[in-house]
Structure formats: structure tokens, C-alpha cells
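Next, two complexes with subunit A in common: one pairs it with subunit B, the other with subunit C.
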Partner chain A sequence: MPGYYDIDDIIMEEEPISVVFQVGAHGVGLLDPGSETNNVENGAKVDLPFWLAHELYLRQAVSISVPACFSQKTRKEIQADAACVDLRIRCPYFYELGCKIVPLVSDKSIGSFLHYAFTGRYKEILSKSHSASVVTVPKFSTRLTKEESQLFEAARSSMLAFKKWRLGGSRLEKASILGRKRKTTIPACPSTP
Partner chain B sequence: MYGRRASQLLRELACSETGQLTAFNSDAFDQVIKECNEHNLQLQSLIRKIEDENLDIQTTRNEDHFGAVIHHLSLIRNKRCLMAYMYNRAETIQSLRWKVGPVLPQEIQEKLNYSEEECFKNHSAAIQSYMSELDLDLTVDMVPPKDPYIRVRVLDDIGEVCLGDHSISLTKHSLHFLRRTDAEPFISQGMMEEFLE
Partner chain C sequence: MAGQSNPDLSVFSAPEVEFLAEDEMVEIVPNIRMEALNMICGDFGPFFPQIASKVPLWLAVALKKRGKCTIRTPEWMSVERLTQVLEAERESSREFQPLPFHYVEISRLLFDHAHDDIPDLYMVRSLIEDIRDVRFHKVETGLETISGRTHAVKLKNLSAMEVNIVRPFMVRALQAFYRHDSPQMIQQPRTMGGSRPQAVDRGPRRDLRPR
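After this line comes the complex of A and B, so read on.
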């Protein structure tokens, strides 16, 4: 269960979900760009962020349709070669959103689809994170979702920590927050008289 | 869209590296608060409308009710975003006490807003009073030591410093053999580095 202050969870809940209003609502015309009054009519089809769509669904005010990132087209692509699909462009929080959307829609095959996609991509993430070079960001990482790149970074940084430990060397370091400031102050120095 | 600006505030936080601070975005913060006030006004006018029609506020499920619900949810959402923004920054700011010390450099100080400065001061004072109660400096030995003494190179002209029972002149590029606990604050502030053969 994500925490109240979890930034990733909050940003994930901003993902747009297409809904159809089952009731009308007054005073919220901003939600429906096609509306001429300040109201949303019964039957209006609009995109709402997940946090709003979810709560309204629980109050039976809207019906939710499956987001495009779980469409048949994406599923076919994942089946063809899971590792090559650019999931970030489809939804940066592909798995988290998938888990949260399952109880809200009638299509129950999303769960197994997520599992299939993740197991297909995991091996590649793991092997590349261990062999990736330290400085450059590998090209394939732009295809990863947020969850996958966190996994990738975790594996990469533990690999780096292991290498550092094996070589020995200084363990005391300057506070990382100061390191950056220095770089920004040096170019500023010549300009000051 | 409702709540969009508040989530942009958090995106800004998510984009910065962990442990780094960006300047407090008081413009966006105030705008979100303004949005909250707007939602509150709309919410109250919708509720008043339901009451004026002599309907029961608990059971009515008409268009006005759902409008009010949406404004209410948006308020709660904005609150969560603002709270998360403050909370996550406060975490970073508190960690500075352990990494940088009780006095923040100017360039970091500039990025804090007034309440964050207060938070840092109070947090710092709390740690200080606890440490003096224990008679132990908890901020040293953040990395488990192998040896009580280390060799260091001075990177900045620090000048005459009193360490333990004797004073020592720390000039730039000089090498010293110091007690690790004495050297540690200088290293974390970037004025010294550990010297390895």
C-alpha cells in the first residue's frame, strides 16, 4: 500500500482515464471541454485523471473504459517481443496503473497480461543493469516504465557499490548536496568584479 | 484540469535527484492554495443550493451533489499534493543536519522558504539537545570507522583550528594525520579529503 506522501503514487494517479458520466454534475464544466454550460451532462465522455475517475466510479457516477495502453494492439506487440516495446510512451506507470485499474473494469485478463509483460522484460533489465557502463545511460532505458527504471537503477547502483567495495578506497565523502553547488558557483566567479 | 498544477509541483520534485533540493516554488504553491479556495467557494455554493431546495443533504444524489463531490475530491487531492511536497522536502532538509552540519551554506539557505528554515533550526536544536544529554556526537562516524586516525589533505584555507587539546594550522594542500572524528565534518563539507597512498 503506497503512502500518503508517496510522490510516484501521486503522479501515477494523474494518468488520464476515459470515462462516461452516468449522472450529470453541476458547476464542473471545466471537466468537459465540449460543454457549453458550466455543467457535465449525463452520458458525456471525458478524460479524467485516475484519482477523480476512481472516486467517482466508487460512487457509481461514471463508468470506466480500459486505457489504451492495455489495448489488443499493445498485447500483440508484447507477445511478439516484450523487451522491444516502448512502454514508457504508452504509460510511464504501466504496471502500477494496471494493478489499480483491474478492480474497476470488467476485463480481468489485464492481470495475467501485466505478469506476462513483466516476466518477459525483467531478464533483459537485469542483465543490462549489471553490464551497463557507469557514465552513459543505455539507449534501451528510454523504453522502460518508471517502475522498471527504478529496478534498473537499483541493480546498477548495487553493482557499482560492490565494485567500489572490492577496490577499497576512500569511504568518507563530501555531502552530495554540496558537490553540485560548487560546479554552479565556479562559472559565476569571473563575472563578479 | 483540476489538480493539474499541484501535480506539476510534485513532478518538479520527482525530476530532481534524490537528496538534492530545488528552490521552493512559492508561486505554484500559492496558486494551488488559491485553487483550493476556489473549490471551497464552489462547494459551498452548491451545498447552499441543495439546502435552498429543501432537500436532505445526506441522501440527495442530484447534479448538484455530484458537482459538490467533484470539488470536494479536488480539494482533497490538492491537499495531498501540497502535503507531499512539504513532507518530502522536509525529509531532505532534515537529512542536511546530518550531512552538512548545523549551519547551512548560503546557496542552500536561499532555496528554503521561511517555515523550512524554522523546521531546520528546530530539528537541529532537538538533535543538539539530545546529543548534549547523551554527551555524545551522533553526527560523526556515519561510515563505520576502521581506524581512529586518518590521513587527510586540506582542500581549502581553513586557518587555525583547535582540535582536542592542541591547535593546528590547516592551510591549503597541507597533509595531516587527524582523529577521524575531527576530520569528518571537514570532509563532508568539502574542505578536506581523505588522503590515500
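After this line comes the complex of A and C, so read on.
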């Protein structure tokens, strides 16, 4: 589970969410690029990182609108074929963000939509990761979100390690630092008179 | 294990599982005479030429490399037994046949070091490969069916190396499904009768093997 120290969690919370301010805010005009004064008006639409939006939501200062990656267009695409949708371009932290957004937004169907998308793609991940062929991998793995690609990598690396072991060879590996030849010639330097 | 930068990945690497497998006992037929070996893990009795004795696999391989013995193939590694196991694996689509826990590692070690002691070497090798493929395919098809309701996955008679391969993937997949399928994520529509308490739906038990 993500925690305070989890790097992926921290990076995920940087994702921008568009919010609508419910109250006017003074002195933070920096957040709204369209404001002339140093204030944010009531009802202004601003893009904030998730951690800020979450805090302001708890103080009931903003209302959070559904991010673009959960829009109807994405839903249609995922319903058509879950495995081919390139989720990394839309939002590399698709699932984590969705999980965090669910209690905050009024749209209640996000949770089941995430579950549906994940189940669909999971089958593909399962079959592709265990086949351990180098060819099909690059095309498919660029479409996965961070969480899915961790899953994929875990399976693939353990499969590759097994294949490597099966081929045989000595159990002792030579340290890579020994492979480089040491330079025995002194590099030429200008002679100082 | 040692030196793993990411503790979430597999606990054992493949050579480590092989190392653990070397503790299995095998029968050897020494061709020299040697007195008893007293080791920390046990005493391995005096060796007389042509008298079979049981030793751990690591000792057997060490003696074999020095040309001091021949290794007798374990009785599960004969062509008839393996053909039986392969047939049974192919027939039952959900069960795994009982095989020695370290059969993959033992067979690989014997192929590498004692290939002249095994009758029908190529046949045995291809049979073991086929058995391994069929079992792994079964594991994969079983994994396709897990969902958020799966509380535990039971895999009976799976061998050490196979478990080691699927362990990181399965752990993460179960965690991911648990996160996505928790009741607060899938919020039921409020039109259901509110007075009825929602008991936790445990769902069907997902065994990869029927009890």
C-alpha cells in the first residue's frame, strides 16, 4: 500500500487535477494563470496538483472535477479493447490516481471502471510477461501504467532469471569491474618547462 | 535474498533455489574406498567400492566430478514414471501431479554432471521439459481466473522452482486486485435496501486444485 515514503506515491500526487474554487482566495493568484490580481475568484477553474487539491477539498474550498483520463472517451476506448489503450500517455498513474479520487468526486462509477480496465489488461500482462520473448515486449510495455509495468517487470525478470539459470554455466559470476582493462600508459600531458 | 535492491521481488534467485535443492539425498555407487566423512550436517559413512550409499546431492556431484563414484538415477526419473506423470498432467486440467519438490533442480544438476549415468538421457530430458511446460501452462490458466474476491490461491504439488518463478508476479497481482476490488471502491448504488446489512461477500473459493 502506498505510504508516506513511497516514491511512486509522491510522484503520483503531483498529477494536475482541475478544480473549481468554491470560495475566493486572496494572495494565491499564482495558482490561476488567468487572474490579473493576486487573488483567485470564486468559481474559477484552476489546475492544481493532487496533494493541494486534496487538502483544499477537505477544507471545502474547492470541488474536484473528474480528470481527463477518466472521461467518456477513455471509457469507450477501454470498453472496446482494454489491452490496446495507451494509458501511459494519458496518465502514468492511472490506477493509483483513480483510487485516490474515488472518495473525492461525485462520480461513483470510477471504481468499477478501474476494476474493469485492470482485469482486461491483466490477462494480457499475464500472457505477455511469461512468454519471455524479446520481440513483443517493447511495443506492449510502453502502453502500461507504472503499476502495471512493475507487475510486468517482476514476472519477466524472474522468468528471464530462470531461463538463464537453465542454460547452465558456472554459478560464479565474474564481477563486472574486472572486465575493463586498466590503462597502463600514462596519458600524454604537456611538459612544463 | 542477499543483495536484492528491491525487497518486493522474489526472495530467492534461481541459483539459490538450486543450492537448497542440493540437500536432497541420492544414491551413489562409489568406485573407491574412503573412510567416513564427518560433517556438520551429518556423518556420511565409510564408502566401499560397489556398495551403494545415500549421500546429499552436493556431495554426490562433488565426488562425481572427481571421478570417484557413479550416481544412480532416482527412481522417479525413469522413462516409464515420467511418461505416466506426463499423461496424468495432460489429462487433469486443474491438478498438479505429485513430483519431488526440487525435481527441476535435481534433474538439471544430474544432466550437467552425470549425463552418462542416466539411461535414455534425451528421452528423460524432453519428458521433463514437457512436464514443466504443461504444469506452467496450468499455473497461467489458473492465474487468469483470480479476481478481487480471491483471498488465497492454493497450488498443491507445485515444485520449488515453479513457485519461485510465479511468486513476485502473483503477490503483486493479488495486491493490485485487492486494492481495486475493495468495497469502498466499488460503491454500490444506493437504491439497494438500506436496512439490510451488507455481509462480506467472500465469493467462491478459487482453488487451482479441487479439494
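Note that the second predicted complex is superposed on the first by the 156 of 193 C-alpha atoms of A that agree within 3 Å, B and C clash if a C-alpha of one lies under 4 Å from a C-alpha of the other, contacts with A are read in each partner's own complex, and residues count from 1 in each chain.
Just so it is clear, a contact is a pair of C-beta atoms (placed from the backbone, for glycine too) under 8 Å apart; a residue touches a chain by one contact, two chains touch by 3 or more.
Quantities reported herein were computed from a predicted structural model and do not represent experimental measurements.
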{"item": "Touching partner for A:His130 - first (subunit B), second (subunit C), both, neither", "value": "second"}
{"item": "First (subunit B), second (subunit C), both or neither touched by A:Asp6", "value": "first"}
{"item": "First (subunit B), second (subunit C), both or neither touched by A:Trp51", "value": "first"}
{"item": "Which superposed partner A:Leu30 touches (first subunit B, second subunit C, both, neither)", "value": "first"}
{"item": "Touched partner set for A:Leu167, first subunit B, second subunit C, both or neither", "value": "neither"}
{"item": "Touching partner for A:Ala80 - first (subunit B), second (subunit C), both, neither", "value": "neither"}
{"item": "Subunit B/subunit C common contact set on subunit A", "value": "171"}
{"item": "Contacting residues of subunit C [partner subunit A, same complex]", "value": "8-10, 13-15, 18, 108, 112, 136, 140, 143-144, 147-148, 161, 164-169, 172-173, 176-177, 179-181, 184-187, 189"}
{"item": "Contact footprint of subunit C on subunit A as seen in their complex", "value": "1, 95, 99, 102-103, 108, 111-112, 114-115, 118-119, 122-123, 126-127, 129-130, 147, 150-151, 154-155, 157-159, 161-162, 164-166, 168, 171"}
{"item": "Sites on subunit B touched by subunit A in the complex", "value": "1-4, 7, 10-11, 13-14, 19-21, 42, 45-46, 49, 61, 63-64, 66-71, 73-74, 77, 80-81, 83-84, 87-88, 96, 99-100, 105, 107-108, 143, 150, 183-184, 187-190, 193-194, 196"}
{"item": "Of subunit A, residues touching subunit B in the complex", "value": "4-8, 10-11, 14, 23-28, 30-31, 39, 49, 51-52, 55-56, 59, 61, 169-182, 184-185"}
